[in-house]
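Shared between the two complexes below is chain A, which pairs with chain B and chain C, respectively.
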Partner chain A sequence: MESHVRFWRVVLLAPPLLVFGLFVLWPLADSFRYSVSNWNGFSADAAFVGLDNFRKIFTDPLFANAILNSAIWMAAALVLPVGAGLALALLLDSGVRGAGVFKSIFYLPICLSSVVVGQIWIWIFQPDWGLLNTAISAASGETFGYAWLAKPGTALYAVIVAWSWQQTGLAMVIFLAGLTAIPRDLLEAADVDGVAYHKQIAHIILPMLRPATVVVIALSVINSLKGFDILYIMTGGGPFNSSDTLAMFMYDESFKKYKMGYGSAISVVLFVITLTIIFVYFKELKKMDEIYE
Partner chain B sequence: MSTTSDHKHASDTWGTVIFICLIVLAALFLAPTIGVLLSAFKSTRDIALGDLWSLPRSLYLDNFAEILANPSVRIDLVNTLLVTVPATIASIGLGVSAGYVFAKLPFRGSDLIFLGIVSGMFFPPQIILIPLFKLFNALGLIDTLWPMILIHSAMGIPICTLLMRNFFATVPNALREAALLEGVNEWQILTRVALPISLPALAVLATLQFTWIWNDFLWPLIFTQSDDKRTIMLGLVSLRGQYTVAWGVQGALSIAASLPTLVIFLFFQRFFIRGMTMGAVKG
Partner chain C sequence: MTRHYIKRALLAAAIALPTGYGAAPSLAADTVTISHYFTGEMGRKGIEEIFAKLTAATGIVVKDSPIGHEDFKTGILVRAAGNSLPDVFSYWAGARTKFIADAGNIASIDAEWAASGLDQIVEPGIIKNASMYDGKHYLVPFGYHYAGVFYNTKVLKDAGITANPKTWEEFLALCATLKSKGITPIALGSKDQWPAQFWFDYLLLRTAGPDYRAKLMAGTASYTDPEVKEAMAKWKELTDAGYFTPQANASTWTDAADKVAQGKAAMTLMGTWITGYWNGIGLKPGSDYDFFPFPTVKAGVPDAVVGPVDGLVMSKTAANKEATWKLMSYLITNTDVQVKWAAVQGALSPNTKVDTKTYSPVMKHALDEVSKADAFAFNYDLATTPPMAEVGLAMFARFMDDPSKVDDYLKDVQAKAKDIFAKAQ
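Right after this comes the complex of A and B.
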């Protein structure tokens, strides 16, 4: 019996572990190896350069720029999709007519490719006939032709807005799932006691939404680090690197300048940042399991 | 799962206010999508003259005609299908296999391996970009569809394993034990007992995986070079490079490229949402 189980464990687990190991784990380990080399992407051999790449990273103004932009994106991810998703979930949970249709509308962008989303938002920000400038011109009565994506001061924020448009639906759905888990009689009891709705939100709903909030925040933060496609489409990190993030910077250094060793060092930094976030996230989840079980 | 109004925060006035709020928000939210729809039915000249955001006066179909007549669009779509279908099936198959072990045949340390696999879905793909580039270069697979098929099969394992393990965990152990007593082996239990009742979970994964793989952009960007090997998302971007101002054509192609995932969204939305909330990790 036990040998039967052992046999099937191996048979069933070997293929997924093999594929995952070959195309995910081994490349991950390999990244560390390249990060201490000066490989250029073509030559058969690469020299060991020790920690030179990492030393360079911490003096490279472009890296500082990319990490600052990633931090801005992350901070915005905490506010925009999380806040908007929560607000939408609360509105939809009020028993409003047509909640299902509204939910679909807010969720729709999730199924679109970032390439298409980027394309859509380029048109929103288009200086001459984009929706934003058309609306501003109509409201102010003067022709407004600001090139949102071509100006260093606004390019990054414009991309973040577009990205948040796509992410909000996901946050909303997770908050909605969290809301349905709140016992209705609790809120009804509060109603009977005459507790105002805004107080119910502050003292019952938000505290009970804590698990959902942790998930949404973790997701938003992690997805902000993953944001690449939409940035590539909308600005390519420009103008003048003003919207460069870590993911974009890594791509540029590796696949445009062919500094694969340096690029690997950047991906190691990216790995460490992500690992830290995941670690905090899993710890929070565990803490919650202990409280809520 | 519609919330009924048994819970009475939405008094009539408030209900109306919230309803109007949501209408306005929904209109704002839909505006970008509507813009693309409108663009596909307008000539580039009209758009350039600032006439994108009005309803088209006549049914202008030239943009779609141009897309349909373009042979490279067809190639792109076929390539995308050739990547998406096998990779969707493979990733789900691998996830079923691993998920079954973690749920029904656990062993010492299996939880740790499970955690390791699942955390794989959090990392930005940039982390493994260079080694994979080198690997597929060495295998001579650059500029074929193989890198995308293999990578998506592998990168889908975390979410598929997670969802399948959680689903299999709800299948009663008594079912498995009864089958074992009848002399049925583990493979037959998996394929004849566990899988038939897992159809909802499989549907969830099929919609999620198909959508993500179809929409992917980074891997084909890295691994394909020639026009006849690229996927539709890359085709969309390269179209933009060729005719920077052919907005109407770009709109039409955007719609064509989004059609399969939009259809999935419209018909399998419940599966899709369930998967997103259960996995709650990708995006």
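Right after this comes the complex of A and C.
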């Protein structure tokens, strides 16, 4: 019996492991190999350059710029969708009329592909006839033609707004599910005792939402690390690298500047950073599990 | 015991895997795979009709995978990196073709070229400049373009302008007149960066001349030279005077073309493909729009024209070289195909047998300008190596964002150029 189970375990695990090995582990190992070469991406010749690419990374101002932008991106991805999602969840859970309809509306953007969301926001931010500038012009009575996505000062933040708009729905739904798990009689008892709503939030709701919060934050971090497509569509890291994140920077160096070796070195650094974040996260998660057990 | 189970498990997994895995897709003998950037406003509909015609005439089945113009630049190189190039693909003649020829991704077509007698068909200047690299044929030209100052005839007429400017001073006067009448003189959409390059190209060619420009493109002159500074200073005269549409980096070249078509701006410096786009939205060449050549800036400098040559190259890994060549030679030698392409994409034909009477008056004028010019130069991103082009194009867009820091930009570009050309040697 035992050996039979073991047989099926291996049979069922083999295909996904093969695919994982072929499409994840192999390319990963390859990118480590390229990172110590000066390969341009398609020619037959490439020379071993040791750690030159890595040395160059740490003196490259564009790398520092990409690190800073990635940090801003991740911080914003944590604060904006999580905060807005929580606020919406509390609002919709408070018995407001039409909550079901609003839930669907707020959740809808997450069902759209990032490319579609990016395109919608390109139109909103369009300087001549976009929704935002048209609204500002109408409100102020003066023609307003600021190019949000084409100016180095605002491009990254404009994409963050679009990204948050899409991600808020996901956070909201998870918080709503968490809210249903909070016993109603607890909140009713607090009401009877005359506890103000903001105090209920701080002392009852938020602590009891902790499992949902852990999930939301984890998803936000993971999604923000994956956030490449919407940036690619909306700014492509531009103008002039002002909205480059690490992933975008890696893509640019590899495929636009024909420095696959250097790009691979950036990807190795990105891999180490991601691994560290995930390691810390799992450690924290394990601690949390122990508390709840 | 365990080993036994693992063996059985692996065997089962092997059976479970899709049976076709690992086998190369088997294509019929007369099937040719192609990838190209003739999408959307760059001629998608026309190319499909041309492929249908090719299939009817030769029996070759075209397996087509088009990629948008901007994405093609990286997309095709990704396929080259993965060793999965199509049999044939469109490519820009000049430094880009040389780059992939040097990398060994495309096949020399000397024997096929000679066997098809293309020397008797293709324009000699194009053979020399666009088809041949290091003495070998690589690229079959399919169409070429000329960049000029395209304008809305009604806007210029309404502003009382009767003669086209021939000199820089006359051009500045024209811009001043238009601006005084409340019309933005020049539309530019540099979101994808390359549309700004024609300003640099023409200003440098008209002040420093083609020989100096060739040196700069090859990395033997510096971006901090007085020649480059002078060209940028002329460009800055226009930006400082407010002659460009604001926020150039927020628009694409078609946005700029739309502004001119709608009369919101008067002119745009663009390649002849704009005629294909404008004809497609119902404008009439000659009556709704026309062009004038970029004005002379300095007397005594040879007259050069700027433009790209689109061509087809054969992948070194092409499965069926015979059928692939049949496709390539058909597209250049068949005059009906060439006439059709010239009309739908707004290209000039490299085939000398094409009757120029089939051109619109605007395209005929473009051909005349090319014919009488002292030199034909590839636009910036085809004239210098691709890594350098990336740096230079970004600088042009940055200049359009804030022209005041031009000297800093040039210093920065030169530092990068030094690095890029040092590696290339």
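What we mean here is this: the second predicted complex is superposed on the first by the 291 of 293 C-alpha atoms of A that agree within 3 Å, B and C clash if a C-alpha of one lies under 4 Å from a C-alpha of the other, contacts with A are read in each partner's own complex, and residues count from 1 in each chain.
Criterion: a residue touches a chain if its C-beta (ideal position, glycine included) is under 8 Å from a C-beta of that chain, and two chains touch if they have at least 3 such contacts.
The shown structure was predicted, so the numbers you read here are calculated from the model rather than taken from an experiment.
Participant: May I ask you to decide whether A:Leu88 touches chain B, chain C, both, or neither, giving the answer as first, second, both or neither?
Facilitator: So A:Leu88 only meets chain B here.
Participant: So in the superposed three-chain picture, is A:Phe240 touching just chain B, just chain C, both, or none of them (first/second/both/neither)?
Facilitator: second
Participant: Answer with first, second, both or neither: which of chain B and chain C does A:Leu170 touch in the superposed model?
Facilitator: first
Participant: One more residue to check, A:Thr59. First (chain B), second (chain C), both or neither?
Facilitator: Neither chain B nor chain C is touched by A:Thr59.
Participant: I want to verify the contact counts: of chain B and chain C, which reaches more residues of chain A?
Facilitator: Chain A has more residues touched by B than by the other partner.
Participant: With both complexes superposed on chain A, which partner does A:Trp129 reach: first (chain B), second (chain C), both or neither?
Facilitator: In the superposed model, A:Trp129 contacts chain B only, not chain C.
Participant: Going by the contact rule set out at the top, does A:Phe255 touch chain B (first), chain C (second), both, or neither?
Facilitator: Both partners.
Participant: Which partner does A:Ala147 reach: the first (chain B), the second (chain C), both, or neither?
Facilitator: After superposing on A, A:Ala147 lies in contact with chain C but is clear of chain B.
Participant: Do chain B and chain C touch any of the same residues on chain A, and if so, which?
Facilitator: The overlap between the chain B and chain C interfaces on chain A comprises residues 11, 15, 41, 255, 260.
Participant: Touching residues of chain A toward chain C in the complex: what are they?
Facilitator: 3, 6-7, 10-11, 14-15, 18, 38, 40-44, 126-127, 145-147, 149-152, 238-240, 255-260
Participant: Give every residue of chain C touching chain A within the complex, in rising order.
Facilitator: Residues 1-2, 5-6, 8-10, 12-13, 16-17, 73-74, 77-78, 80-81, 100, 102-105, 191, 246-247, 249-250, 386-387, 390-391, 394, 397-398, 401, 423.
Participant: For a test of understanding, state which residues of chain B touch chain A in their complex under the given definition.
Facilitator: 1-10, 14-15, 18-19, 21-22, 25-26, 29-33, 35-36, 39, 47-53, 94-95, 97-98, 100-101, 105, 107, 113, 115, 117, 119-120, 122-135, 150-151, 153-155, 157, 161, 185-187, 190, 211, 214-218, 221-222, 233, 236-237, 240, 247, 250, 254, 257-258, 261-262, 264-265, 269, 272-273, 276-277, 280-281, 283
Participant: Along chain A, where are the residues that touch chain B in the complex?
Facilitator: Against chain B, chain A makes touches at 4-5, 8-9, 11-13, 15-17, 19-20, 22-24, 26-28, 30-31, 34, 41, 88, 91-100, 102, 104-117, 119-121, 123-124, 128-129, 131, 134, 165, 167, 170, 173-174, 177, 180, 184, 187-188, 191, 197, 200, 215, 219, 222-223, 225-226, 228-229, 232-233, 246-247, 250-251, 254-255, 260, 263-264, 266-268, 270-271, 274, 277-278, 282.
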